[in-house]
């Protein structure tokens, strides 16, 4: 049994000598998750805005529902999507199972509730006067919405970051509908799961560190960008 | 060949006839996750408050770091904890591996960054005047902190809900350090993973629905409570 | 005499048991400045917000160009014509310049011309040195002046001003009275809700007191003739 | 004559290049009401916040009971003695009653006695009918009155009031002048920053104009003798 | 032979993939035929399920009875034996149950039960678990209680758990050999009983049940795996000089 230090050292040495296979895995991870977040964010934020801004019967129940959906395990989302996309399921003819498209779909489903829940909480905290000010100065409802979103942008930013974290870190759904096929649907987390199941903990942690470092670079650049923009505004 | 509808129907019928084993699994899931969230929330919110309220060098980097930690897969947390608790690891003597305590520890580690990140985003949106008002009226720094937290309670509430969702839905860490031992460390998500690996999709979805229903009940009661309190205030 | 731009009739607004507003008729006319005063909680803000299309009354009819319709029907028209200045204005989390430009940038106007107008308006409000500061960091009176500048630059048909001079220093208050006078003379309809009666009665064409939900006309202290310059600080 | 409670010396505050405050001496004394006026952005709010221990000056000395120390050292003492009323008060998201009770509940006082005091204070402010309403839903003037009530109920040694009468109707303004007069006579030190000079000069013992970062004593329009009742509305 | 052929979806048990065998076996096939093989490594239960649902083209599994049932139910065709290895019982070095060197698996299990193991069971639907339950049944024991831990995980994880808990477990030799270096406290204790024979089969998913099954590819792969060349690769695949699988399709 190798110790934690051994494993970490091995992990770091693996990191330094990045090879093609590793990079394929990384690019699948980020490609799929960035696509998913890109497609989901607009719709989710619209939904969150509607929940925060319009009063309609059942609104509170709907918010509760989205909070609840946060507790749905990735593997259950994966399972459901699997049954839908399976040859024996309703959309079997699309032949999407075990493709990156299926992974994107699964991660979209996973990120939607978290974006709505967090986005709603940010938008709800916006001052009522923002909307009124925008509106009275002549903004269309759409423009007023963008103004409100701009005022709570840090909260929305945190929501997107959280959603991205959720899906880049999830394994259950990608494993289920992606199938962990090498060079095709194997992403960082399914690769970690594989290495772990083989008892190759060092490789598992190495991949975890890769993910961490890349996510840190991404977050830090975003935060710097955000900081610069804030300085300008 | 069972279709999605078949699976769902099976799932529902399994739900109705709840047996002892199922309830053991459910109580392990909720017991572990509620404990984890209970222990983590105070420390995490203190951290979030410190990040939102005090200006110190490296603060922005720290916030970025917590955002990044959201992207750490549960299995990597599990792996790390495993190596620490393993007999060859530094805390092997505690014999905590494959116990519920290990699961609680893992879920605490998982919920911490999400609580800090979301809590920070909520606390950051608080008006500076809240703290000033509390302070000038004679509140100690601690009381002032509670007042600020009270003002952004919906955001903090959403953070706790999100963190709870994250850990009750996670499987990687519980599987790794809990071991999915029947009647002992098998929770809903590791049970789902097991059923899925057996190709028993109906059972997997049934367990998913159980989790969903229980989480919905929990969330809806919390939301109703919150609504009542808001009405009173 | 021209008919009013909007004639509000039978405006009622309730909060719980309390009937806050129960107004028979309220006219908003071109080139007329109307002052509304009343005790705290009398309903001035609520009335201005109803007239601006921001708060829904329990019932109200609006006559627009001789056509009477429900408030809900008229809402879009109202909103296009009226700009409301909040009693506690909200500063958008951006520069003073962009706050002021907000309304203009919604329309298809060349950027250069927008920022020329903005610069001019900021000079008028003696805020030009603050143009690039975040509006959130301004002092109370500076914010109030940004808000007024932001509202009037849109050049609406109707300007509904809720306590426009709070927090302003003397000079700013005088410029505000002058501005209102000018805008009114250019044909804008102006509604002012304020406790600063000494300041506004001289320029107001009508002065109503809001009492128990009703508007009661107050005889102005002295009727001003149009075009007089206000150089003396009232109050 | 008693020595001042706090004597602030060499108070400077900069924002970027701009020296906002550069004050040689400023005394806060028991039973003295000091009015500070000045243009928007002159630094009134900043000065009051420094004096209340909420904003850190770039440099300042404070003499407390003949002992001179740095502002940072004196901060805790200052904060215990001074209550600051915001220019734009913040309403805690709870009932009016609990807003007012906030300061009292921080100390170990029986609940019954707290709520008796609160009820009395609310009656004084004519807010008793609003006691159980969420303070966020109040009108501008009602909020202002809640904030004043919330500050004065704590009964501090020093009350720093930043534009306390904005948005208030006439009657509330008169009660406020009266209250300040009473509190001052009971020995409280009162600082007022306001553009409402007509209202405050009659009760102020000192009147300073803040100009280019300096405090300049203004000769009061007429010196009031202690204890005079103010029944005439100034301004 | 065209490179643009549709990929073959191979659902297989984790042991064949984790042991590294497929990495030796498949590349020459892909090179020779132009097919790409998408390996989906899952438990035997799930692999069969995927075949049943038409989500895989060809299955490589080790649950003989289930495979036969699968074929006779019309879900699969052309089942062929591929290779075998054996199951073994491993346990802690201290061997509190004293089973080291026993040839009889049943008496070994009986001793483990008497001394209260602990025994870590797969607890899933794998071929290994099925074999384990069958052995308990043959020994006339109904395992249960705190000494019998049903882990519900893959073989690799169960070996890890046995290592950590100083427990016994039944494992296939391939996974054991692949993981042995990371398991310093575990020792091979019982092997050689003919009840421990472990046979792997390959079969094509019945193309009549779903359109779009890559039957041709499946048949080509079966052909390759059972060919002399494929069988040689299996025979020569070693970890630390120990053979993991023995060919069954071609007699030498």
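Things worth noting here:
We call the chains A, B, C, D and E, going by the order they appear; numbering starts again at 1 in every chain.
Methods note: a residue touches a chain if its C-beta (ideal position, glycine included) is under 8 Å from a C-beta of that chain, and two chains touch if they have at least 3 such contacts.
What you are looking at is a predicted structure, and each value in this text was computed from that prediction instead of being measured.
Any chain touching chain A that also touches chain D appears here: B, C. Distances between chain centres, each the mean of the C-alpha atoms, put D farthest from chain A. Chains A-B form the pair with the most C-beta pairs in contact. Centre-to-centre, using mean CA coordinates, chain B is 36 Å away from chain E.
Separating the centre of chain C from that of chain E, both taken as means of CA atoms, is a distance of 80 Å.
Centre-to-centre separation of chain B and chain D, using mean CA positions: 46 Å. With each centre defined as the average position of its C-alpha atoms, the distance from chain C to chain D rounds to 30 Å.
Within chain C, the positions touching two or more other chains are listed as 88. Shown for chain B are the residues in touch with two or more other chains, namely 1, 86-87, 193, 196, 201.
Contacts with at least two other chains are made by residues 52-53, 154, 157, 163, 185 of chain E. Interchain contacts (touch definition given at top) occur between A-B, A-C, A-E, B-D, B-E, C-D. Listing the residues of chain E that touch chain A in their complex gives 9, 14, 18, 38-41, 52-55, 154, 156-157, 159-160, 163, 178-179, 182-185, 210, 212. Looking at the complex, you find that chain C touches chain D at residues 38-42, 45, 87-88, 138-142, 145, 162-163, 166-173, 195, 198, 235.
Chain contact summary for the complex, chain A toward chain E: residues 1-2, 86-89, 92-93, 95, 97-98, 179-182, 184, 194, 196-199, 201.
Residues 52-54, 79-80, 82-84, 86, 88-90, 92-95, 98, 102-103, 106-107, 134, 150-151, 154 of chain C are the ones that touch chain A when the two sit in their complex. Residues 127, 129-130, 132-140, 143, 147, 150-151, 233 of chain A touch chain C in their complex.
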